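Consider the two complexes below, in which chain A is the common component and chain B and chain C are the respective partners.
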Partner chain A sequence: MRQYALRRLAYVPLIVAVVSVLTFFTLRLPFATDPVLQYTNQNTTQEQEDAIRAELGLDKPVLQQFAIWIGDVLQGNLGETFRSGQPVWPEIQRRWPVNFEILLLSVGFSTVFGVAFGVITAVKQNSPTDYGFRIFAVFGQSIPDFFLLILLIVLPSIWWNYSPPVGGHVPFFKDPYDNLRLYLPPTLLLGVGGAAGMMRLTRSTLLEVFRQDYMRTARAKGLSGRQVVVAHGLRNSLIPIVTLLGGHVTALFFGSLILEQVFSINGLGQFFLVSASTSDFPVVQFLVLYSAVAIMTMNLLIDLSYAVIDPRVKYR
Partner chain B sequence: MERENYWTRRIERRRLLGGAGTVALGASAWALAGCGDDSDDGDGGAGDTNAGVNPGTQTAATPTTAGEVIKKDGTYNARQGAILASINPYSGLDSGLLWGFTIFDHLWYTPLDTGIRENFLASSIEQQDPTHFTVKLQDSVFHDKAPANGRAVKASDVKASLEGAAKQTKISASSWWTQVLDRIDTPDEKTCNFVLKKVDAWTFSSTNGGSPLAGSIIPEEIAKDPTFMDRDLVGSGRFQFVSHENGANFKLKRNETWRVKGEPYLANQHYKLIQEQAAALAAFSAKQIDGVGLTNKLEREQLEKQLGKDIVVDSVDSRAVWLVQTRADGAFADERVRRAIYLALDRKEMITLLALGEGKLSGAVPPAFGEANTAAEVEATWGKTDVAEAKRLLAATTFDISKEYSIKYIVPGDTYQQFAQIVKSQLEKNLGLKIKLIGEDFGKWLSQSLYGSDYDSFITYPTLEYDDPSSYIGGYAKTIGGRPNWAALVDDELDGLVQKQKEILDDKERRTAVQNLQKRAFEKAVPYIPTIIRVTNAATWSYVKGRVVGRGSYGLFNGKLYVDKG
Partner chain C sequence: MATKTASKAAFDWAFVPARPGWPRRMARLARQHPAGLFGLIVLVLFVVLGLFGEQLAPYPADELSTGTPLQGPSLSHPFGLNQLGQDVFSRIVSGARISFIIAFWAVFLGAGSGAFLGILGGYFGRWIDYIVQRSGEAFAAFPGLVLFLMLRTAFGPNLKTIIISIGIGALFGGNRILRGQTIIERNQIYVEAARAVGCSEWRIFMRHVLPNVLPLVVVIMSGAIGAAILAESGLAFLGLGPTEASWGRDMSGTNLSIARTGYWHVVVFPGIAISLVVLGSNLLGDALRDIWDPRLRK
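So, the complex of A and B:
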């Protein structure tokens, strides 16, 4: 497995290189928005425009710009944002805890609820409980996240003139109460909404596993229902669940944008959106790279986890 | 999202102020000191003028009970609609204006409604000749923070601030800073002698020397190294900067040494980042913020129904005029063609469709001078619709109605698109034109289509709300900010009138000259066709007192706001 992991890791620099080249040059295609236009107005003279271009490092040939940027990145210098002139890395660092917390809570809730509901519906197949949860799952998958989040804000306001806190980020270790007041309601809602897919997958996989001979054997051995379901059934259903979970985590690297927007939390999703729409090249370039590395790492971890979950899986 | 150019700044400021769309601009009761918004330039719809403010609109404080005791030391919670890229006021219009109304002091300001300059830090301003004037400073001290540490404001600070601001390409929207201001001499600590390169009668106006943005007074030490303001802000304004979180959730506290003794009444101003309008309304209902801009009258009615008499709603005219810009060359060179377009537009229908019935016909742009025209005059001129006459005029020209024309508008933004669709529909219905809509990314629309005149027939947009008339008048000149006229309008007479009014120092005479210029421009069917002005709505909890409404940006320079929660 180690060899397999190393082999997969060996591809990372190659993919990162391809992604960097694609991102860098796509941003500078002739039809892309010129970042200099963000800083000019109808009174800007050509000299001023040239000065801004030089200040942003865009006055040099594109290949030279690429060489400078890649050289800086290799030395750990991500450059400065066009918009604020601040170094990119501290800007990312400041926002990263926001995304980590959203990711942790959302994935945690969706996994716990999704797996739990999946097991319940599989065990109680075709019962009113099963139908009830399945209807919930259809709703959960049908309603867009932004609508759920807006409802979370609007309904209490209309009913009770109450609004959940929005705006800002309070670090958990600084003020756990305020932190959880801000993050728990939306992540819980998103988690429950996101649990729908997980529930359906868990249910269908478990039902398939329940029909296997070894499950019948386990019951014949006199194991309790809980042992049969958890130790034998659930464990053998984990591979698709983990695969889906990996997808959730990957999506949430930037997928928390909707939550950030509705709840006015200044995280990486918003940072990326604002930077992309204002052609803030240094930020966009780095965040695309960051995203690529995160996705590759997550995929590798998921693949490796298969071997842990199922001893029959061997990597050579 | 936050493009720092002239137009995006307007949009961004709108977001910053908490509006959700064009109409919400003024609505932002966020209005820093809660003193009304920046487009609340009208009389709330009760007056008989059709184009914006009435001169001399009364400064109206919110209702207070006789004998009521002012409660100082409260905290005003305001909405912040967008994240600032940087707190540095030189990094963009949004941050510059936010701090310009709170953290920093200014020499003077010229309210748009009166047009009369009012001294702030300046104790007197004497103009020796058209290119020289002297400003004497009042006693004032900077906030007690490094590097100024509470020292007195000196003339050298003013010089460093204003000359420094002139070099800031990201904020100096007005050419006054680069093309008119020559230098500031400081013979002593209380005297600033301004020297101009050329005569400009608009020198004291709010986009020029009286800019709340570029005119901020900053300690000399910082003005010489503006990067300091990436980290902290030190001024001599009513409030002192305390903290922020990644460009959001600002906290300000009262400047205890503010030059106006006893003010400001508020002990703190807190800004809360709320980007979504639905979330802002909810936060307002929950009293997490004390004021909110409303997108349209439906929102206003819902809020009034929900919160009743506990809130105060200000409904006022926006200063933005929705404009249809044609070309002045090619097929549109014939004045009769442009006149036909004027007459084919049904502005009352626009008010119904775009503003849910809440709006006015627009007279001449700039609307700040609209008072020259009564409602009847506007309806008979700029606001006139006469389809039969329009058809007759067009038929008498060689204009090819079988050809397909286009309207370029900004995307994203529902209102921009709605307006373009209404114009398209009216021109197709009333003149038989074939028109296609072209939505363009803001950057391209601005830089190529508008500034670069890259459109073949029509371009639609709302005008800027915050500018003084000098900016609008420039549209009739042969060149705009050194570029060829956006609509390819080349008219020697109008160009001459534009240049001439800049040199008329007497305010009354200049106003007359501008109004005559506007009338002449209308007679020549200039390609800038004003249509309607929408009404903006803003709600404030009634416990917020001492607000000033009806004064546009001037209302933000208010130290008498207080919060009386009982």
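So, the complex of A and C:
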């Protein structure tokens, strides 16, 4: 176990290194978009263009640029944005709580509702409740998340003349009420697609587990139906559930961008989008690196959690 | 189809009913899977609109002032008009084209090559398999949007960037499932039997393993269409798609601000169009899996 964890841990920097090399060199491929074009027009002279290129540090050979960038990042210096010349780190620091909260709430909603509905439908297999929830799940997986968010803005204003608050991020610890009033409804809807997938997975895994002999044994030794479902059924279905949970975190990592767009919130997604559109290399490089590190670490933790969930799991 | 006539054998073969012809078998499948039939119809309609939508639309998609701007649904404009007086119905009919082009190429190239590599890798293993699997693991650390924004920074906003980034997602999505299924089939007893009677590896692969995994490719592809359209419309909604009329794009920007003031029809109908096609793709995928995967058959 410890051996395995250490080996996997050693694997993380390797992948992260590959990802950062790939990103760095893809952005600088000879046929890729030249970021200097963002700051020039037809009146720009060659000297001015060279000066801009030198200022952005793009005049050096690519390998040298890479060495400088990676050296800076390893020392904790993320460089300055091309657009404003401001340091990258404060911009990130200011925005990440927004994304973290959106991610936490929507993944939380999709997991709680998905697992709960999955248990209900599995226990009441082939009942009207089951069919009702399954129809909900099929629709939930088909409706785009941004459409749900749009409906959230458009429909209440027509029906009840009420529009949910838009824009103006308030930190949670400063004013929990205003914060949740802004974030709860949209994150609930952002979690619908995930909840639908989670429900279908929980249902099919549980039905599989219900057929096992130990379920009958648990019933026979006198456990109540509820105890059997939770302690034996759900416990044995946790591995696929946790795996899908990880998939949801990956999918929603910058999926908050949709929510930021509809609700006019300036988060990391928006920052990423603007930086990508203006060829702001330092920001794009860092955000790719950041998501790779975060998601790889999460995947590692998920893999290690399998042994906690199911003691029979052995790592080699 | 003729029934088998009786012979002089001990069995009276005349009572063995002939297998019904394919129109009947199709009709029976359609009856058993109404949701799948619905999905098929929706997807066929989507393909028709994708290919001929611009000819079928009552008004050109970009024609201004086809009626009173922002007028609600009426007989001559079933989905109403937007703030420029463009016919929303016509824009939906012609907007199917962009979704169709992107979904087609992303699924065809992405899921297609993913299936190819997955089946080959699963059966023959070795270095192809190793490379594809390791890249898949690296890709798992990359949300689709991150990949797209990275490629967009490098290659600018164009159709190819969108198709490639959606296609890569489809590639690794289908690849894993097919690889797993191929490995399962490779270790079945019938493969061992074929090997025992002296079939070449190539023959076993082509005649025994491949026919057993190919249906799964169709299942994966029909489900992948929906995923591709969801991704494409999401990008279009963010203003990252092509500038032509498309469903996602028509729900963003000015249209969205207008809808906030009560003109819901401007954004709701394109949203329903996307949801319907994705629903169709999901239902068809589920039905095909039920039909072809014997383990799920009840």
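We adopt the following convention: the second predicted complex is superposed on the first by the 310 of 316 C-alpha atoms of A that agree within 3 Å, B and C clash if a C-alpha of one lies under 4 Å from a C-alpha of the other, contacts with A are read in each partner's own complex, and residues count from 1 in each chain.
Criterion: contacts are C-beta pairs under 8 Å (C-beta built on N, C-alpha and C of every residue); 3 or more make two chains touch, one makes a residue touch a chain.
Quick caveat, the model's predicted, so the values are computed rather than measured.
Enquirer: Identify whether chain B and chain C fit side by side or clash on chain A in the overlaid structures.
Expert: These partners clash in the superposed model.
Enquirer: When the two structures are overlaid on chain A, which partner does A:48 contact: first (chain B), second (chain C), both, or neither?
Expert: first
Enquirer: Under the stated touch criterion, which partner chain does A:26 make contact with: chain B (first), chain C (second), both, or neither?
Expert: second
Enquirer: Applying the document's definition of touch, where does A:154 land relative to chain B and chain C: first, second, both, or neither?
Expert: After superposing on A, A:154 lies in contact with both chain B and chain C.
Enquirer: Just to be sure I read the superposition right, which of the two partners does A:168 touch: chain B = first, chain C = second, or both, or neither?
Expert: A:168: touches chain B, not chain C.
Enquirer: Applying the document's definition of touch, where does A:273 land relative to chain B and chain C: first, second, both, or neither?
Expert: Both partners, chain B and chain C.
Enquirer: Return first, second, both or neither, reflecting whether A:81 touches chain B, chain C, both chains, or no partner chain.
Expert: first
Enquirer: Touching A:186, do we find chain B (first), chain C (second), both, or neither?
Expert: neither
Enquirer: Report for A:261: first if it touches chain B alone, second if chain C alone, otherwise both or neither.
Expert: Both: A:261 reaches chain B and chain C.
Enquirer: Using the touch definition from the top, say if A:233 reaches chain B (first), chain C (second), both or neither.
Expert: In the superposed model, A:233 contacts neither chain B nor chain C.
Enquirer: Which chain A residues come up in both lists, the one for chain B and the one for chain C?
Expert: Comparing the two interfaces on chain A, one with chain B and one with chain C, the shared residues are 33, 150, 153-154, 157-158, 163, 261-262, 273, 277, 279.
Enquirer: Please name which positions on chain A make contact with chain B in the complex.
Expert: For this pair, the touching residues of chain A are 33-34, 37-45, 48, 51-52, 81, 83-86, 91, 94-95, 150, 153-154, 156-158, 161-163, 165-169, 261-264, 266, 270, 273-274, 277-279.
Enquirer: Please give the residue numbers of chain A that touch chain C in the complex, ascending.
Expert: So the residues of chain A touching chain C come out as 15, 18-19, 23, 26-27, 29, 31-33, 138-139, 141-147, 150-151, 153-155, 157-158, 163, 250-251, 253-255, 257-258, 261-262, 269, 272-273, 275-277, 279-281, 284, 287-288, 291-292, 295-296, 299.
Enquirer: Touching residues of chain C toward chain A in the complex: what are they?
Expert: 137-138, 140-146, 149-157, 226, 230, 233-234, 237-238, 240, 248, 251-252, 256, 259-260, 262, 264, 267-268, 271, 274-276, 278-279, 282-283, 286
Enquirer: For chain B, which residues are in contact with chain A within the complex?
Expert: For this pair, the touching residues of chain B are 1-8, 80, 83, 85-86, 88, 91-92, 169-170, 172-175, 178-179, 227, 230, 245-249, 272-276, 278-279, 281-283, 285-288, 306-307, 441, 443-444, 446-447, 451, 480-483.
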